[in-house]
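Here chain A shows up in two complexes: once beside chain B, once beside chain C.
Take a look at the complex of A and B:
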């Protein structure tokens, strides 16, 4: 492996490749196309990259990878657009963005939210790619350090966040988290070979996470919008203020803490194969909330929440490719698709990739670096136009969101069954919301369930063959560190919820009365 | 002249009435190929390569479009294909052997071997036994010797249940008489390989193509191949047979295309003639070998024989599991 300084010189050397006419056009096309694909509900980054792979058949290896690299970066950030404006997270990475971002958009601050989100994405993303450039050998070891017991504890750490994600009620947060965990059990279990809760054929493959996201976030909204009816006051559109970029940039500088937490959590968690991308955004959001002085305002349009979530999910992009580029192990579904894109050009990633194909490897990484910057510019440019969707009367908006939701759910795996699942989950979520349950903990349960379960069962099977479960799950410095974090997180929740208990009661009273008025 | 047209029309009508598709017209629109694994996986990736020249006039003259229906280890896609796909020659699917046959023996699915008609085979990816690069085992004999002395202590990772890796592990256990712990992973072959590289397990069963790359990168050692003969990619690695263990090629992951039962014979004949030629196209084979994907082109008759042989071996092997 090359040393850090040697690398610094090397990657600069290959910058020229990105700026050749065709390559740069592909980079531009990949970035703009990626933003559009990412902003379309149902088209996750994985799918967007998979759709582009056939196009790279006709291109030279470096050019193909420039297209894929740019598209990967910008689809992740593009997911924020639908999360903020429509409250439909494009991928699990954008769930946390929707929580505060959509509230901001409803106040007419969509442009502000988008500006902050793209700038935070850019800063997080560039940091992540720089980590990939300079620390790859170190990071590769870190990625391998996580075995089944550690991933299990990692998921449990995520579970401890579930309760605190619901800003109204700790108990209701946990209950909806449990519901999510149960939903995640539906389908065929690959490890034990059992068919569970398959009430209908459409459930054989389980509940697809993207389908669930669309249903749970979009459908209750649609019903609410239609339920407002044609009352004149309700149709009145929100005034969308002009948002100068300079003031957004100035605002970002006052939020260095969420930015730092987001970037750090995103790049550290993003590395862990199989887990990272899904929960990095939510964990960063939760940490920011815990460390914030005004954590009451989270979930009600707090810019810090958007910044933390978006810097985390883009910071993850670079490090998530470390296992792929050094060990040839795709750590995320998107990385698996990228592996296909590399192989088709005869490039085998592995520890010698940077020696055998430095031009390809570095041009690919550089394209992600430049892609991050371009994405910020284009993102900000479209933000002010895109934010005007808040002016659309809600009845028209509801119809548009419904169409996008149906289209998105179908396109995930060309399955009408998924559309039915989406609608059922959406209607159920609408009812649950009436009783004060919220969507985010449920989705987190749905994401964490399989990770916790699969790793616990695998770990137990391995433990049975070696030292037994106690030694396997409870010894070793990484296990102990993670268990400490889990305990600290639980204690923190009790401490803060105990302290804030009276306030919570008062607030839910207020929420209820507000509901009655509207 | 007019009479002749009329005659042709009548003939067409009578052909249509018995469910035949006129060979001269077929195919007159794009053909979809259902892949029951996600976009970007090995099956999807290879299916996209082998079908990319379908639109050339000398083959089918119509493009083939890949449609992914992933879920439950392939069961979602194959269930759909057996129960809902139209048998009109415009809906094809990729098959994975031994997966779908093993699943149908296990039960709980809507298909069995006779639900599908094979067209042609494009690839064969044998299972191999791998250990981490730093492992103390340098040959299959020493690993098996350890497993015999320490029943259940050798953990073997693989890509799930009732897939090639699982079959190979079962065969290895049966042939050596040594009890080993097969650890299925939920994340497919990549997750199983990660478990080996990271040392989470003692050894693993994985695809030859992926293991070959991992070995080139210096991450693992390949101890043996579960096939009848040595592989061109790994001329120095012995087969399990050579090492003295009775493990045949039942676990080799064969990939190819098929149509639902009930597809008109003339369509099957046309596809069976053209598709193997298409697989042999120089651009296809070039891309496949660049990607490290071993090819094995087999005609419809050869595939029918292979399916029958698998059905027999797997029924016997899995009988003890149910």
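Take a look at the complex of A and C:
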């Protein structure tokens, strides 16, 4: 059994790995770059991490993961800069931050809002990573008991949970997941060597995960920028005055309630697969407002609103990696992209990661802890520069992201076929998203498809030799528990999607702004 | 968007997905060896059932999630998408990856740039930004990552 002492020993043993020169430089670069990318409206954390994956090919797995982890952490926090100074959330997770943050900036308290935002992010983020540190090895140990049928059901659960929670339409969410599972089956079958669904030469080697991730997350964003047309965005960034950090730090100690609510809500939301930072930020904001004595000041520049939203969306980051690192189920679309980054380096999450690659696992987790601290210091420093980057016209952003995506997709296997697949998938995803289909379950299906199939085939072979498929796949407490969760996630989505479905043309302002940002 | 337009709009992708899933089901149940298509059959069947359900909902006007595509929006994105397709299918191999990318960057930037197309200074500005960006891309991919890109007439 993994004890608290064992976790602490492993944590300390690999702590120094973060401070190796290249690793630390990557952590620093990822943090600063992520803050700037996060502050740029239209560049979501998921897309930023997907575009960074090709740059990790030449790095050692640990270094690659450090870069991706730092980018994930800091893009979420960086989104607060444009939310506060421009009233344009850098990512959907920062929507709640814009409500009070921009009002504070307008009345000349931009520096105060940024300081509070980054410090709250740091505290929330550190708490989230601590949760990751102590929960992950325990759950990974528990995952050792999993056999092929359980891993098959876990993969199916990953797709159904994200398909159910990440989409407003129950049918379209699950259909997106199935489309992803089908895409994962294209190419040659691993066991029989048979050709499956190869409609074009470019698909002979199957759909590469990284190529697909770049296409699915970057190309729709580029087309969304095209859709704005030739418009001049008159963005006025609020100037940032100078203010000592010490006074903001002192002020933060008087806002313990919103900090605690935000951190708690973010940590819990992060553990639930499929529920992203946007929900964490908005839910924490809402709860803080309900518990506040002066709830009428929310929306008018209340610092507690900024603190709750930012601590929540960063507290979510660490726990969202718990199901990923232990059970291969990403807690968020960005975590799904990170899973792609792990698999590309031949590292399979779960007990294998902690048993066979403890250096990779622990250095990565430790780097996220250090990254949270770096993010606070550099966030405050980078904020004013990041706001300038956020004003880059969408015509340049669209062209730049497109070229980066083309080069990124090509560099995976140095194949033009991959570029074709990326563009086709991206255009198809843009159209599908317009009709309510969702990218996250599709990506999950694509990533978890091979895991589900391998365990299904392995399980079928074992079942044929022992009790038969029914007993092997449908009996036993763990199987029944997982099947119950699969059915529950589908039923929950079935009964709630009708109520949540916004009618065309009657979408809420919140939904509109979320769509605009994402 | 009217309810009828909405229904018709939702029906098109629903039918497209249904046809795709029908193809997947057909291929999964007809191709050999059967053992290689065991898992695809399972997924294809579920996908087909969901696609039928989705299509019925769209036909009955119950599919309401998603804003759909407006003609105006399609006209705005069409030139950009066309440029991307021309680049990917023809120009990248013919001119070379970097030259084609530079051209694509300039064309896309100019297409969606609200500034005047009839000023020399605007064009110089666009070309300068495109060159700087491509220099960064060259540094990252050719120098740092050592990615060998297709060479056409140029590089």
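Everything below uses one rule, namely that the second predicted complex is superposed on the first by the 273 of 518 C-alpha atoms of A that agree within 3 Å, B and C clash if a C-alpha of one lies under 4 Å from a C-alpha of the other, contacts with A are read in each partner's own complex, and residues count from 1 in each chain.
Basically, a residue touches a chain if its C-beta (ideal position, glycine included) is under 8 Å from a C-beta of that chain, and two chains touch if they have at least 3 such contacts.
Here the structure is a predicted model, which means the values were calculated and not measured.
**Student:** Who does A:406 touch here: chain B (first), chain C (second), both, or neither?
**Tutor:** In the superposition, A:406 contacts chain C only.
**Student:** Let me test your reading of the model: by the given contact rule, A:191 touches which partner, first (chain B), second (chain C), both or neither?
**Tutor:** So A:191 meets both chain B and chain C here.
**Student:** Tell me the contact category for A:47 with respect to chain B and chain C: first, second, both or neither.
**Tutor:** First partner only, chain B.
**Student:** Quick one: is A:175 in contact with chain B, with chain C, with both, or with neither? Answer first, second, both or neither.
**Tutor:** After superposing on A, A:175 lies in contact with chain C but is clear of chain B.
**Student:** Between chain B (first) and chain C (second), which, if any, makes contact with A:321: first, second, both or neither?
**Tutor:** After superposition on chain A, A:321 lies in contact with neither partner.
**Student:** Check the residue A:414 against both partner chains and state whether it touches chain B (first), chain C (second), both, or neither.
**Tutor:** both
**Student:** Let me test your reading of the model: by the given contact rule, A:58 touches which partner, first (chain B), second (chain C), both or neither?
**Tutor:** So A:58 only meets chain C here.
**Student:** Which holds for A:433: it touches chain B only (first), chain C only (second), both, or neither?
**Tutor:** second
**Student:** Could you tell me if A:201 is touching chain B, chain C, both of them or neither one (first, second, both, neither)?
**Tutor:** In the superposed model, A:201 contacts chain B only, not chain C.
**Student:** Go through chain A and flag every residue that touches chain B in one model and chain C in the other.
**Tutor:** 54, 57, 191-193, 414
**Student:** Please give the residue numbers of chain A that touch chain C in the complex, ascending.
**Tutor:** The contact residues of chain A facing chain C are 54-55, 57-58, 167-169, 171-172, 174-175, 178-179, 181-182, 185, 189, 191-194, 196-197, 222-223, 225-232, 393-396, 398-400, 402-404, 406-407, 410-411, 414, 416, 419-420, 423, 427, 431-437, 452-453, 456-457, 460, 501-505, 507, 515.
**Student:** List the residues on chain A that touch chain B in their complex, please.
**Tutor:** That would be residues 46-47, 49-51, 53-54, 57, 144-148, 187-188, 190-193, 195, 201, 204-206, 208, 273-274, 323, 327-330, 333, 336-340, 343-346, 348-352, 413-415, 450, 454, 458, 461-462, 464-466 of chain A.
**Student:** Enumerate the contact residues on chain C facing chain A in the complex.
**Tutor:** For this pair, the touching residues of chain C are 1, 6, 9-10, 13-14, 17, 21, 24, 27, 31-33, 35-40, 42-44, 46-47, 50-51, 53-54, 57, 63-69, 73, 76-77, 79-81, 84-85, 87-89, 92-93, 97, 101, 104-105, 108-114, 129-130, 133-134, 137, 140-141, 144-150.
**Student:** Mind pulling up the chain B residues that touch chain A in the complex?
**Tutor:** My answer: residues 38-41, 44-45, 48-49, 52, 67-73, 75-76, 79, 106, 108, 152-155, 160-162, 181, 183-187, 190-191, 193-195, 197-198, 200-201, 210, 213-214, 216-219, 287, 290-293.
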